[in-house]
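Each chain gets a letter, A, B and C, in the order it is written, and its residues are counted from 1.
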Amino acid sequence: MVIKGDNPLSVILSVKKISKKGGVLMDFSLTKEQQMVRKILREFAEKEIAPKAKEIDLTGEFPWDNVKKMAKADMMGIPYPKEYGGAGGDYISYIIAVEEISRACAATGVILSAHTSLACFPIFQWGTKEQKEKYLIPLAKGEKLGAFALTEPNAGTDAAAQQTTAVLEGDHYILNGSKIFITNGGKADVYIVFAMTDKSKGTKGISAFIVEKDFPGFYIGKVEEKMGIRGSRAAELVFEDCVVPKENLLGKEGEGFKIAMVTLDGGRIGIGAQALGIAQAALDEVTKYVKERQQFGRPIGKFQGLQWYIAEMATKVSAARHLVYYAAWRKQNNLSYTMEAAMAKLFASETAMEVTTKAVQIFGGYGYTKDYPVERLMRDAKITEIYEGTSEVQKMVIASNLLKM
Amino acid sequence: MNEYKDIWVFAEQREQRLMNVSLEILGEARKLADKKGVKACAVLVGYGVKGLADELIKYGADVVYVIDNPLLKNYTTEGYAKVIADLANEIKPEVILYGATYIGRDLAPRIASRLHTGLTADCTGLDIDENGLLLQIRPAFGGNLIATIICPERRPQMATVRPGVMKKAPKDGKREGEIIEIQANIKEGDIRTQIFDIIKEAKSKVNIEEADIIVSGGRGVGGAEGFKLIQQLADALGGVVGASRAAVDAGWISSDHQVGQTGKTVRPKLYVACGISGAIQHIAGMGNAKTIIAINKNPDAPIFKVADYGIVGDLFKVIPALIEEIKRIKNNELA
Amino acid sequence: MNILVFIKQVPDTNEVKIDPVTKTLIREGVPSIINPDDKNALEEAIRIKEEYGAKVIVITMGPPQAETALREALAMGADEAYLLTDRVFAGADTYATAKTLSKMAKKFDYDIIFCGRQAIDGDTAQVGPQLAEQLNIPQVTYVKEVKIEGDTLIVKRALEDGYEVIKVKMPVLLTAIKELNTPRYPSIKGIFEAYREKEVKIVTAADLGVDPQEVGLKGSPTKVISTTTPETQRAGEIFTGNVKECVQNLVQRLVEKHVI
């Protein structure tokens, strides 16, 4: 008798259950493989990532050490096939990784998520064989870092209002314009940049490009000083007659907006996982603290008021967990996931904000100081309600999916 | 099974000096032998070690088997296992005890396997039950459990004993016993490992996070001078120095000694908190220590709530007295 | 070169707590890990494989859930894994365990057998040497460094006050201590490979051809007759008054409890 590990076949079988009955598969357990991923990543995050989180937040220094360690552990391309430099794993394992890393250090978590979901994914999905070999392989191996550049000074929530232009001149495009708040900006080697190739066509006139950091005419501008996730970079990218070879057009001209939107759907699950990691970290800190801190002659965890807070926090974190992993499961099984991803991101980010704020409150005066990590968790949590589509955008997405109006 | 008699002790020696633990287990063997009405015997293996036999007798051995051979000068697994196993097969002791040293724990299991008998490791207690069986008491599960073990059928019953736990018998200068020299039936080919070099190394500076014993100073220590006293207590106990945040912030000691929420988390076997009030940030760093002792002037200091033992008093008076008492106890053991 | 690494899956005894009411060990929810010393042995075997070329075969005797430990070992870089699992093996003391493991070892053509020095649950450090004896091969315990020169190993063997440098020809059994190396994390790719491309083979008593009387509880010369849990509540004994008396009382307690 021989034991073989869980293989992708079992996942496909459960998909068949869904499409026949139209119901939801009720087995919520992680596969043995996913359980091991969580176990190893938790150890890794606790021993290798968490100890530096406070310092990274204080100095705002980009955590290259963490990135190198993750690359060494084959973590920078988890859901991509081995032939493209990835770890050959499943999507849920990748989401587990984002959650566990974010639980230790939210800044490192978003570096991982932006790189894997926003930079690697579009090349994997729409790239030519040459583009995959040239860019996806080093990115997925962690030899290069990736970024995704859509947001502009005048195009945030209104992402379609792209003003960066790309004009075809012979064998290259000339890009002009600027992007802001780009995660991994200035640290990445490879950027997925969106620009208008045909203004007359509206969203169908936007195209996607693979831009290398050394392309002439590409500069890094302002680096934002942020409230939280201070180790992560949010930078301005400036294109002044930037020369991009025409082979670096990603997908077809005019496909750019679709590429951006579909990519962001997946990115949202990543941010949901980041928010979940932050929320879980706050919950863990609180449950530990209320057993140690004594007032009125007993541990404060004995007081019903706090017990109720903690019950509410834990319930919301559990709900967030279910939403995030459900969206991940749908994506992994090739089911539509746009609405579920939006719900996951919306709920997880709001939960993270709520739970971290409550955590500071429970820690009292100590929680407001840098001695304890909860004030950092609260500052880290806020951005999850804003980037990769604000909570308001998520609601737009959910409503439009439901109402189709 | 009835032909097995007497309590044996492997009298470990290194560089022709008896290890302390050998005398400790001999003291224990003496007690067990008296309880059973049999002899306590020592097995002395080495080269040029016959002179040690007398000391073993003074410390309680009735018989000392001396196996002296140039091939046995330095400990080797196969050299020592062969001669001891051969002797045990010939003379049939009922019990053999070894010190649980880096050598004892290498040797005893090899012999146990060769003699197809049972072995219990790192005992902290031994006794004889109503059936005359050796009761072997030892910690397990990382110290979370104490187990009592017997070897009901096979002989000899064997155990390695933790150093520093049993008591030596008092030295009796007038005691007499038998010294029996044994011819070692051993040749070079029997020993398949070759000792190429022996290097002595002072134990490298212990990382506070890995230390078994930590003595920490807090605000009550009053200044950098005061930390000298903390170091002395640490030395007396064989531990390292820690500090609370207050002491580090005041510049009395460097931050790599800091224990607590913003310092290091430690999990030693023994933590002594001197002049530390016990603020929650400090407890967060040491609350899981196995045994906590607190010394503080203030009887209401929160540290006493998490301590196993405490002394209310001026640490400048308590610590010197404590060092003296510890040294006195340790000297008694060595004497 | 073939290296056999014997590992044990153990509860993380750092996380074990005593139930204050029943005074027994709470084993639920305690994570299972590869015994730390065994991980050092495994890591060294994989390093030797990377440096000199070797096949690393990892073996464990345990209940079915020990399979996870073997998968983790495969994820770290081991090539083959075997799980010796059978009711007949259960309840074994170190002698009977070594006997079972020796029967398995004999099925291979090995150059090095690597074990951890001591398991954090049994705490005996006996299986390695007993296995070496049963296989009639030399042993070096407390290994903190290994170098290979042809068919000879040059090993640093720790003592309380330093170390010895020992030369020994293969085959040989080594037991690893934590100073030997820092074990790697399994890479994520390694985890997927361990579950999708590598196998854990199950071996029963029948496969091994052991006599049930020789192994497991039946084959164990030692028997545990009772277990107790030591006092767990913080004692909270505070001494006041005369300094000399306080100190004497304190030290006496500490000596009684084997703290010093």
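Miscellaneous remarks
Everything that follows uses one rule, which is that a residue touches a chain if its C-beta (ideal position, glycine included) is under 8 Å from a C-beta of that chain, and two chains touch if they have at least 3 such contacts.
Remember, predicted model here, so these are calculated numbers, not experimental data.
Note on interfaces B-C and A-C: more C-beta pairs are in contact across B-C.
Look at the CA centroids: the one farthest from the centroid of chain A belongs to B.
A separation of 53 Å divides the Cα centre of chain A from that of chain B.
Averaged C-alpha coordinates put the centre of chain B at 22 Å from the centre of chain C. Rounded to a whole number, the gap between the C-alpha centres of chain A and chain C is 40 angstrom.
Shared contact sites, meaning residues of chain B that touch two or more other chains, fall at 305. Those residues of chain B whose C-beta lies close enough to touch chain A in the complex are 261-262, 280-281, 283-284, 287, 302, 305. The touching residues of chain B, when paired with chain C in their complex, are 77-78, 81, 101-103, 105-106, 108-110, 112-114, 116-122, 124, 136, 138-154, 164-165, 192-201, 237, 267, 269-270, 291-293, 299, 304-313, 317-318, 321-322, 324-326, 329.
Those residues of chain A that touch chain B in the shared complex are 292-294, 366, 371-372.
Of all residues in chain C, only 31, 67-68, 71-72, 75, 83, 185-196, 198-202 touch chain A in the complex they form. Per the touch definition, chain C reaches chain B in the complex via residues 11, 13-14, 16, 18, 25, 93-95, 98, 120-130, 132-134, 138-142, 154, 158-169, 172, 220-230, 234-240, 243-244, 246-248, 250-251, 253-255, 257-260.
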